[in-house]
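First, the structure itself, so that you have it in front of you.
Chains: A, B, C and D, in written order; residue numbering restarts at 1 for each.
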Amino acid sequence: MNLSVKIGTAVFPNPVTVASGTFGHAEKYYRLEEVKKLGALIPKTVTLHAQEGNPPPRIVETPAGMLNAIGIENPGIDVFIRQKLSLLQNINVPLIISILGHSDDQFLKLTEKLNKAEGVQALELNLSCPNLQKKVLVAQDPRATSRLVQKVKKVSRYPVVAKLSPNVTDITVIARAAAEAGADGVSLINTLTGMQIDTKSRRPVLGNITGGLSGPAIRPVALNMVYQVAQRIKIPIIAMGGIMNADDALQFIMAGAAMVAVGTFNFVNPRAPLDVLQGIKAYMKKQKIQDIHQLCGSVIAP
Amino acid sequence: MNLSVKIGTAVFPNPVTVASGTFGHAEKYYRLEEVKKLGALIPKTVTLHAQEGNPPPRIVETPAGMLNAIGIENPGIDVFIRQKLSLLQNINVPLIISILGHSDDQFLKLTEKLNKAEGVQALELNLSCPNLQKKVLVAQDPRATSRLVQKVKKVSRYPVVAKLSPNVTDITVIARAAAEAGADGVSLINTLTGMQIDTKSRRPVLGNITGGLSGPAIRPVALNMVYQVAQRIKIPIIAMGGIMNADDALQFIMAGAAMVAVGTFNFVNPRAPLDVLQGIKAYMKKQKIQDIHQLCGSVIAP
Amino acid sequence: MHKIQQTYTVLSNKKVCPRYYHLSLDGGKLPQNIYPGQFVHIRVREGLEPFFRRPFSVFRARKTVDILYDVVGQGTEILSSKGKGDRLDVLGPLGNHFALPDKNIRQVVMIAGGIGVAPFLIFSDYLKSHKAEKTLLYGGRTKAHVFDFKPFVRNGCDVHVATEDGGAGIKGRVSRLFSKIRKDPESTVIYTCGPKPMMAAVQDFARKHRLPGQASCEEVMACGLGACLGCSTKTHSGYKTVCYDGPVFDLQEICF
Amino acid sequence: MHKIQQTYTVLSNKKVCPRYYHLSLDGGKLPQNIYPGQFVHIRVREGLEPFFRRPFSVFRARKTVDILYDVVGQGTEILSSKGKGDRLDVLGPLGNHFALPDKNIRQVVMIAGGIGVAPFLIFSDYLKSHKAEKTLLYGGRTKAHVFDFKPFVRNGCDVHVATEDGGAGIKGRVSRLFSKIRKDPESTVIYTCGPKPMMAAVQDFARKHRLPGQASCEEVMACGLGACLGCSTKTHSGYKTVCYDGPVFDLQEICF
C-alpha cells in the first residue's frame, strides 16, 4: 500500500500530520516510536523575535469547538532552532516549520535562518493568524500573498506551503495567487474569527476580545474550501479544520487534500492522529485501494 | 420595562424574532396566542416566480449544527400574498417579509407587489443565499449591495433591511455600503458555505453538493460579525446565527444587535424563541434594566 | 409556544427481538389524536449531540404512545438507554396518515420491510372493524429482525414472513410473498413502508397489476413541521416534504 | 501515541458532603507516578459535549487514583453520574507538583478554599514522615462544603475550619484562621489552593510576613499538555502555562 505523498521536492511517508499550534512536548508526553509513524509534524508558528502572546483568558469552549487567541506565543526563531528543533529532529519524523513574519523582510530572515538549520522538510508560511492586531491579513489579499510567496520562494531551500485564512470572500482567489507565485502547496484552513461574551460581566470572554474558531464545528466550512481550491489549483493541499477521525480525514482527501492535519482534536484525544492514520489504512484495505493518490480528489460530484 | 425596538419607521414590541426559512405552519402547529408574543416573524424568502428548490438530500446534521441547501423553495410572490400572507396576518404579529430577486428588476417587482399588500412592517432583502447557482452573491460585493439597496429604498413603502453573508473578507465593508445606501437595518448572518462527503459512496451528502452551515456551531462567528458591524454603523442590526437561548441572545444584544432571531434551533426546540424572550426579561429584571436600549451594545471592551 | 411539544414519561423500553426495541410513553391525551402513519419527533437528549430530533412512526396509540425502533446510530443508541421514569421531549403527532380503505375493499395488504413494520400495528388497530382480509407481508434481513406478531394476529391479520437468510419464515425477499396478494384493482389495496428498493419493487408490482396503494416514506428531518423544507422527496408532482405533505404518499406518486 | 493516555475503571463515586463527590479510579500503575499537586485531565464522556477534557487535582494516589470534585457545570454533572464499572479516558499525571518542604521547616501550612483542598490530602500523605507541624486551614462557603477531615487528621494534620455563614467551624473567611500561622520565615512554609481572591489574600499575608510558599492555580484548559498555550496565567516572569509550567507556582510569582 502506498501512502507516501509529495509536496514540491519533499516526500512524506503518509498524509497524516498535526496542525500548527496544537501539538507539543512530544518528548515528554508521547511515545516517540508512535509519533514517528506520522507523515509529518508541524510545530507551533515561530516568529523572528520572541512573542509573549495575548493576555488570558486565551481559550474558551464553544459548541463542538473552541475559540483561541494565543497570539503566537513563541520563543523566537533563534531559541527555537537552538532548543526545540533538535528535540523535534530526535523524533525522526519529517518537519514542516511554520513561520510568521510581521513584514516581508522578517519572513525572509526567518527563511534564511531555517535554510542554515538541519532536518527541515518544508516551510509553512502562516499568512493567516487572526489573533494579531492587524487589520488585513496577508492571506486576505491576493497581491500580498503572491508577493510574499515569490520572495520566500526565491530564498528558501525548502518547499514552501502557504497557510490560508477562511476569513475571505473567495479562498480560491488567494490559493491561485499562491500557486501562481510558485508555492509548492497550500494549507487550509486557519481559524474563523469569532467571539464570545460573558453576559454576567458583559465582557468578552477572551482577553484579546476576539479569537479564532476551530474544531469539528468548522469542518464543513473547511471541507468546502478544500474542495473549491482543489478544483482550481494543481499544487498539493494540506487540509485541516475539525478533523477528529479517519472518516473526517477521508472526506478531505476525497475533496482533494494531499495531506490532512489533526488540530484542535489533539486536545480532546491525543491519539487522534494515529487513529486517523490507521483508519485511512483500514479504509484503503477494505476498498482495495493500493495508492492514496487514487483517493485524492476522488469525490464523485457532477 | 421597555422592550420595544425600531427599525426605520417600523416598531416592534420586543427584539425577538425568528430567522427566515426556519419557521412555518404556525397556523397548524403553534398556539397563536403564544406566537403573538414575539417581536416579529420573518417568513421563508419569497421570489418573484415559484421555485421548486434543490434536489434532495437537502439537509444534514453536522457537529452542533446543520448544512442546508433548500434552494429557496417557495410558491412565488403572488401565491405567497394570496395564500400565506393572510394566514400570517391573522396571527397579529409584525411581519418582516424576506424577498430575493435574481436581478435588481426582480427585487423591484417584488417590492412593488408587497407595497400593495397589507400588514407588512418591513422588508428583508436576502442578498446572501449561498444555495443558488451564483458565483458572486450581492452581499459579497459592496457596490452591488449599495446599488440594490438604493433602488429598493426608492420604491419601498416599508423600511428595508439588507441580509448579509458571512462569506466575505470584511462584513463591515458590506454593512457600511448598505447603511450608506439608505438601508434601515442589516440582518446578519446568513449561513457559511460548507460541505460534507459520504465516504462510503464518495459523494457529497447534499444533492446541491454544497450547502449553508447554521446552528450553534457558527455562533461565535456570527457574534464577532455583529460586534464588528455595530462598531461601524448606526442602523439597527437583526442578529442571528446559532441562538438557542436567552444567554446567546443577550450576547448578541450586548454586541450591538437591536433584534435577535432564532433560526436553526427552532428545529430542535420550537419553544426557543419564547424562552429567549422570557429569559431576556428575566435578565433585565434581575439586573434592574428598564429599557432594552441600555443593553444594546453594552459589552465592555477596551 | 407549540401545541404539540410535550414532555412525556417513559413507561417501558424493552428489546422485543435482537434488533428492535419497543418504547412506551405515558402519552397523556396524545393517543386520541394520532392516526395510523403519523409520527412523533423525539429529542433523544438535551444538548447538541445528536443535533436533530429523531422521527419515529407511531407503533401503537391506545393509552400509551408506543414506538418500535432499530438501533442504527447515536440517536437510537441513546434512546435504547432510556428507562422507566425518564422524560422525553416529543413533538407530535406529525404528518399525514394512511387513508382508511373503502368499504368495498376485500383485501388490505400491508407490505413491510424491517422496521418499516412500525406503522402497521396501529393501522391494524384501526382496521379491526373493517371486513376486509388483512394481510401483513413482512420481510426482515435475518431472524434477529423478527419479533412476535401476535398483536397483528389478534387484530385479524394474516402474517407472512420472509427473511433474506431464511432464519425465519420463507427464505428470500418480501417480494417472494407477493403471491399472497389478490390482483384485483377494485378490491385490493396496498400499504407499504420499508427501504426504498423494497418500496420500489412494491410500486412496480402494483403498477403492473393496477393495484392502488400508499407508501410511507423516510427522509432525514430537521423540523418535522414542514417549516424547513429539508425533508423533501421527489414525487411526480414535484418535491414534497415527507414530514408535512407525507410521510404517506400515493404509491405511484413517489420517485424512488 | 500517548504515554499518559489511559482508560481507567471507576471503582466508586460517592457524595462526601452536600457539595463534593469523591471518585476512585482503578489506576493501574498510575498512582506510583503521581506527586502531590499534579492533576489528571478527564474526558467525561465520548462525543463533543462538553468539548474539552476537565482537569482535576489528584486527591489521593495509593492503590487507586482519587479526585474530589464539586459539581459546578455540565462536565462535573456528567462525572457525578458515573458509577462503578464505568470507564473514563484519562490523561495524567500532568503538571508540576508541590516542592516538599526542607528538613528545617517546622510548620507546613496548607490553606485551602473550597474544592481547592483537593491536592492537600495526597500532599499530607507525602508529608507523613516529615517532622514539621502540619496545619490545614480550610475555608468553605457553607456547611455543605465541609466534609470529613479524618484522613487529614490521621496524617497528623491540625485541621481548622471556617465557613462564611458559620455553619461549621468559625464564622468568616479562611483569613480569620491565619492566626494559626507562625510568622517565622525560616521555619514556616505556606501552600495554598483555592479561589483567586483567597489566594491573593494569602499572598499578601505571606509577603507581609516574608513567609515562603507555593500556590496551585487554575485556568480553563484545552490540551493539559503545554501544547496549546491556552491556559496561560500572568506571572511576574511573564505568561506561564498552568498545565505545564504549573499548576504549582511560587506564591509571590503569580499576578492574581
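The rule we apply is simple: a contact is a pair of C-beta atoms (placed from the backbone, for glycine too) under 8 Å apart; a residue touches a chain by one contact, two chains touch by 3 or more.
What you see is a predicted model; the values in this text were computed from it and never measured.
**Student:** Just grab the chain with the largest centre-to-centre distance to subunit B, centres being mean Cα coordinates.
**Tutor:** D
**Student:** Which two chains have the most C-beta pairs in contact?
**Tutor:** The chain pair with the largest number of C-beta contacts is A-B.
**Student:** Which whole number of Å gives the spacing of the CA centres of subunit B and subunit C?
**Tutor:** One centre to the other, that is 36 Å.
**Student:** Give, as an integer number of Å, the spacing between the C-alpha centres of subunit D and subunit B.
**Tutor:** 48
**Student:** Quick one: subunit C and subunit D, Cα centre-to-centre, how many Å?
**Tutor:** Here subunit C and subunit D have centroids separated by 55 Å.
**Student:** Two or more other chains in contact with one residue: find those residues in subunit C.
**Tutor:** 48-49 - these are the residues of subunit C that touch more than one other chain.
**Student:** Give me the residue numbers in subunit B that touch at least two other chains, ranges are fine.
**Tutor:** Counting only residues that touch two or more other chains, subunit B contributes 62-65, 215-216.
**Student:** Report the residues of subunit A in contact with subunit B in the complex, numbered from low to high.
**Tutor:** 62-65, 67, 140, 167-170, 192-197, 199, 201-204, 209-211, 213, 215-221, 223-224, 227, 242, 247, 250-251, 254-255, 283, 298-302
**Student:** In their shared complex, at which residues does subunit C touch subunit B?
**Tutor:** 1-5, 43, 48-53, 89, 91, 219-234, 238-239, 244
**Student:** Help me check something: in the complex, which residues belonging to subunit C touch subunit D?
**Tutor:** 47-49, 74
**Student:** Which part of subunit B faces subunit C closely enough to touch in the complex?
**Tutor:** 21-25, 28-31, 34-35, 44, 52-53, 55-66, 68, 70, 73, 215-216, 264, 266-271, 273-274
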